[in-house]
Amino acid sequence: MPGKRPWKMAAGAAAISLLVAGCGGGDSDDASANSNTIVIGIAEPEHLLPTNATDDSGSQVLSSLFYPLVNFNSQQEPVEVAAESITPDKANRVWTIKLKPGFTFHNGEPVTAQNYIDAWNYGAYGPNAQTGGYFFERIDGYAEMNPLDPDKDGPQKPPTPKTNELSGLEKVNDLTFTVKLSAPFSSFESVLAYSVFHPLPKAAFSAPGVIAEGFEDQIIGNGPFKLKGKWEHDNEVVVEKVSDFKGQVPKIDGITWKIYQDEQTQYADLVSGNVDVQMNIPIEALSKASADLGTRFQMSENSGFDFIGFPTYESEFSKPEVRKAISMAINREEISDQIFLGSRIPAKSFVSPVVRGYRENICGEACEYNPVEAKRLYDKNGGPEEIKITYNVDGGHKAWVDATCNQIKASLGVNCTGSPEPKFSVLQQKARAHEPIGLIRLGWIMDYPLMENYLGPLYSTNGSSNHYGWSNSNFDRLLKQGAQAPTPEAAIKKWQQAEDILVQEMPVIPLRFMQNVYGYSEKVQNVEMDLFKKVDLYEIETIA
Amino acid sequence: MFRYIVRRLLQMILTFFGATFVVFALMFANQDDPIQALVGEKTASDSLRAALTERYHLDEGFLTQYWYYMKGLLTGDLGKSLTGRDISEMLADAWPVTIRLAILAILIAAAIAVTTGVYAGIRRGGLFDNGTLLMTLLLLAMPIVVLAPLAQLVFAMELRWFPATTTKNATLYELLLPALVLATTVIATQLRVTRTSVVENLRADYVRTARAKGLAPRRVTWVHVLRNSLIPVVTLIGVDLGVLMSGAIVTEEVFNIPGVGFNLARGIRTEDGPLVVGFVSVLVIIFLIVNLAVDLLYAALDPRIRYE
Amino acid sequence: MSDPNLITVAEAPDVSGRSRSLAGDAWADLRRNKIFWVSAVLVVVILLMAFLPSLFTSADPGACALSNKHKGPTGSAIFGYDFQGCDVFARTIYGTRASIEVGVLSTLMAGVLGLVFGLSAGYFGGTTDAVLSRLTDIMLGVPFLLGAVVFSGRLSGSEDDGVWAVTLTLGVLTWTSAARVMRSSVIAVKSQDYVAAGRMLGASPGRLMFRHILPNSMASFIVVLTILLGTNIAAEATLSYLGVGLKGDAVSWGLQIAEAQDYARIAAHPLIWPSIFLAATVLAFIMLGDAIRDAFDPKLR
């Protein structure tokens, strides 16, 4: 490269002269000193305490530090990992969890049933304000630990819970405990794979129910890697292999979780070889990714689901025909190809293909691009002249919302505008208050691989992410019947019936299923990512 | 002079409280739902909401919240961020790298702006003058949200002259590209102002006198004219600190520097009141000291200005 | 951009007691100045683009089709197409209006505020200076990002395109540098001999302030303002990037630049054209400002 060296020298000279001028600099870290360790890019985790770490980065780091009770096989069925067995009683209400013997925490403490009970009690206790606390809501006693605020946002404070222990948890012996649910649930084992169900050692607590000051920065787990030094906030988390790990042993000796503020920045480092795995390549970089990375640029399915919700409470969108017409006005394939460059898959169902019970193209012709029929249906049923799609700008949605609007404009001959809100919370509040914000951009990533984890939160009347206010009592009933069905198969039947109602009613427009879009350096191989957007740390290896 | 400084220091205390009050009020006005920001796009459960509201006094009125904050501040407790980290610790982590970045950017900007500005001023209307005008305009037309990623793309990813990202412990070489980008946000103004001042001063009586006296032209330019032309430029350097800080928000994100700008951006995004006010408080103090220094510099640069 | 200068000086036609008025002299000067004519014509063209865009293009800036994504120039779309498959030329022409409105109005606002604060602080000194300067300090202490998010986010209604909110936000957040530069110039000018002479001759404070000090303090101030015009047009892009800028189907150079930047590695033309228009606009205003100031500057006679 001509002209390269003089510049570099000039820059270096300037740096040196500044150094001499007394403007001192630090040392750069040498992360790649050990050749069998790798660097994986993440964002700053919000937390590393398992019950508080519900963000992608936090749970990804925890996957190296902890060994989960269960994991999933390729059919998304739960398989025991740290658990020897997990068995329900006949009613699917009391579950007995037996642990594999011989496991220890990184500080040498043996892993016992009590460690799980302590950690779960801490997570479920309302005043501890753990973001993953809601995972414990199926367990008996959760309600007593989370009393409702008598006047919601009003001045009255919620009463202090009478107990800080889940009554549904009972220790049988050092390696066995039982979990009693507040209602039968045949698929409870699938829920247990999430990172909030990790155990905590005695050393985590300074007193019963109180996490020791500074424990989170020097977290101790039961997994194949242990923390090296401290969590260096906004910089890196370094973990190294545990020497005599009893479970499955990874092929690498350590990981530097390098913290990035921006994915485009991380991509720059991936291309320059400063980071070995980037778990999410931003769409702006996609068109160059094949050229930059070749076969080291990969995609695999994950649980993400993009959709648009209708404000069904507004009369102009109350007719299913109008909703179907708008859905048919959208060319999903074109947006997937042109905006997402094939990194997302057109969605024609209401649950993700990664869960058992998914049926391809269940939405039928209502999700097929058909501008002529769309316009006919729309005009016949008196669809509104103006359509607005509200989205949050902090999630990079502008490009596809604008493109979707352009398609709607072209297909239906009505005006369509994308309306940005600065943050998702604003969008959510306005939707909940039934402000006239039009169609709402929404998305979902599952907590556990069950149809119910889509149908419940997204479409049921009290669903935690049903921000658009659709309500159907038949749907709610079928959903509940499914959860209490005797076997997972029977549950799926009921849930599929519930999904059929969505097909008729079209309360949302399914748009796309997401994929993991990742890349890696020439230093590593066997890089695979799972449905939960996590790198498989047991398979990845360095190229000698 | 001494009394002037004492008076200014006293005013500083008032300004400090004024600024923190304004920032606190802005954060309060900007607060939609900080708890939601914590859980991303999932919905915060009622008990999580209740517990965090309680812990951070989120349901209290503005003055009560401000009182809690000030009480903590005066006892040296900056509080905890909404993610539970000590803000004083975060400050200590973030400031050193940003200060190095800002000083480097100011030095680069001032060095380029003053030398180029003086030359452009002397050769007013010439090729060099018009050339620099065009260059500065091109920089002006590029907001930093465009300039920073482009610089990274061209100089780090394509040409590989500089590392694409740096860390908290960045060396000066690693900081050079971000500092250059940051410097461009202020270079245009500094350069134009220097040039204009030089043009003005070249026509001043004292220059004519100096020339008539037979002083060497070079001495007239670089001693007499420059000294008098620096007053507005020095003022700008004080003001530019603010511009640099807002530029730093983007620059730090693009080059992955976990400094003040990054923390501010994160605090604003997650509606983390204590975090933002904590960082701004320190920012304001630095700012006030720099501006006092600038005012004192006037007197040094221009003997006709006297403070009493 | 030189309006304050123009008015104040023009109202004092015979400062130097010459037979011809200063304004008349200035006009005679300007007429012979090539740079003035070039920049004036440019400004007129830009204003025409802003307010009569259909003179320049018959294309609809809102008609976009993904099938045209990033295509190069064609017969009708001479600048090619952007990421959304929109006509870059049509969007650049139609984007002029919002950009010019935001840039000019917010700079005017910053100029007026800066003039009032800076002149009063510099001229009166003492307590007035202390109060005004500390107010300026407080404003400077507010991070731009925070101010932008709060002001623009709160000011804009959900229905309008956000031009007013963005203008007010930029005006409120950018007057401080103009004020500080004004103040320092006034302090410097105040101690000049001719001011002292004027004072000794019994000139009233108003006359001193507006006829002697102000015209002589304008140079740096105007430079800062013309640059502010450029940065404010560009800053609109930053606000849009933060989600508190122009809304709905608004078209502006800032929005174009911010969007195109993400794909600069693949297609540079959607980034380059609006940037050129932005640079040319700022250049025109700076040159015009320079020419007018030179013509009116009494020291240049």
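Per-chain numbering from 1; labels A, B and C assigned in written order.
Convention: a residue touches a chain if its C-beta (ideal position, glycine included) is under 8 Å from a C-beta of that chain, and two chains touch if they have at least 3 such contacts.
Everything numeric in this text was worked out from a predicted model, so none of it was measured.
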| item | value |
| --- | --- |
| Chain occupying the most central position, where position means C-alpha average | B |
| Chain whose Cα centroid lies at the greatest distance from that of chain A | C |
| Distance from the mean Cα position of chain C to that of chain A, given in whole angstrom | 46 |
| Approximate Å spacing (C-alpha centroids) for the pair chain A, chain B | 37 |
| Mean-CA-position distance for chain C and chain B (Å) | 21 |
| Junction residues of chain C, two or more chains touched | 149, 153, 265 |
| Contacts with 2+ other chains: residues of chain A | 264, 394, 423 |
| For chain B, residues that touch 2 or more chains besides their own | 149, 153 |
| Sites on chain B touched by chain A in the complex | 32-33, 36-48, 50-55, 59, 83-85, 90, 93-94, 100, 103-104, 107, 149, 152-153, 156-157, 159-165, 167-176, 252-256, 258, 262-263, 269, 271 |
| Touching residues on chain A, where the partner in the complex is chain B | 1, 4, 7-8, 11-12, 14-15, 18-19, 23, 25-29, 46-47, 54-55, 126-131, 133-134, 137, 146-149, 152-153, 155, 157-158, 216, 232-236, 259-262, 264-266, 268-269, 271-272, 274, 394-395, 423-426, 428-429, 442-444, 457, 464-465 |
| For the chain C and chain A complex, residues of the former touching the latter | 62, 64-67, 69, 83-85, 149, 153, 158, 242-244, 247-249, 259, 262-263, 265-266 |
| Residues of chain B touching chain C in the complex | 7, 11, 14-15, 18-19, 22-23, 26-27, 29-30, 133-134, 137-138, 140-146, 149-150, 153, 188-189, 192-193, 196-197, 200, 203-204, 231-232, 235-236, 238-240, 242-243, 245-246, 249-250, 264-265, 268, 276, 280, 283-284, 287-288, 291, 298, 302, 304-305 |
| Complex contacts: residues of chain C adjacent to chain B | 130, 134-135, 137-147, 149-150, 153-154, 176-177, 180-181, 183-185, 187-188, 191-192, 219-220, 223-224, 226-227, 230-231, 234-235, 237-238, 241, 254, 257-258, 261, 264-265, 271, 275-276, 278-279, 282-283, 286, 299-300 |
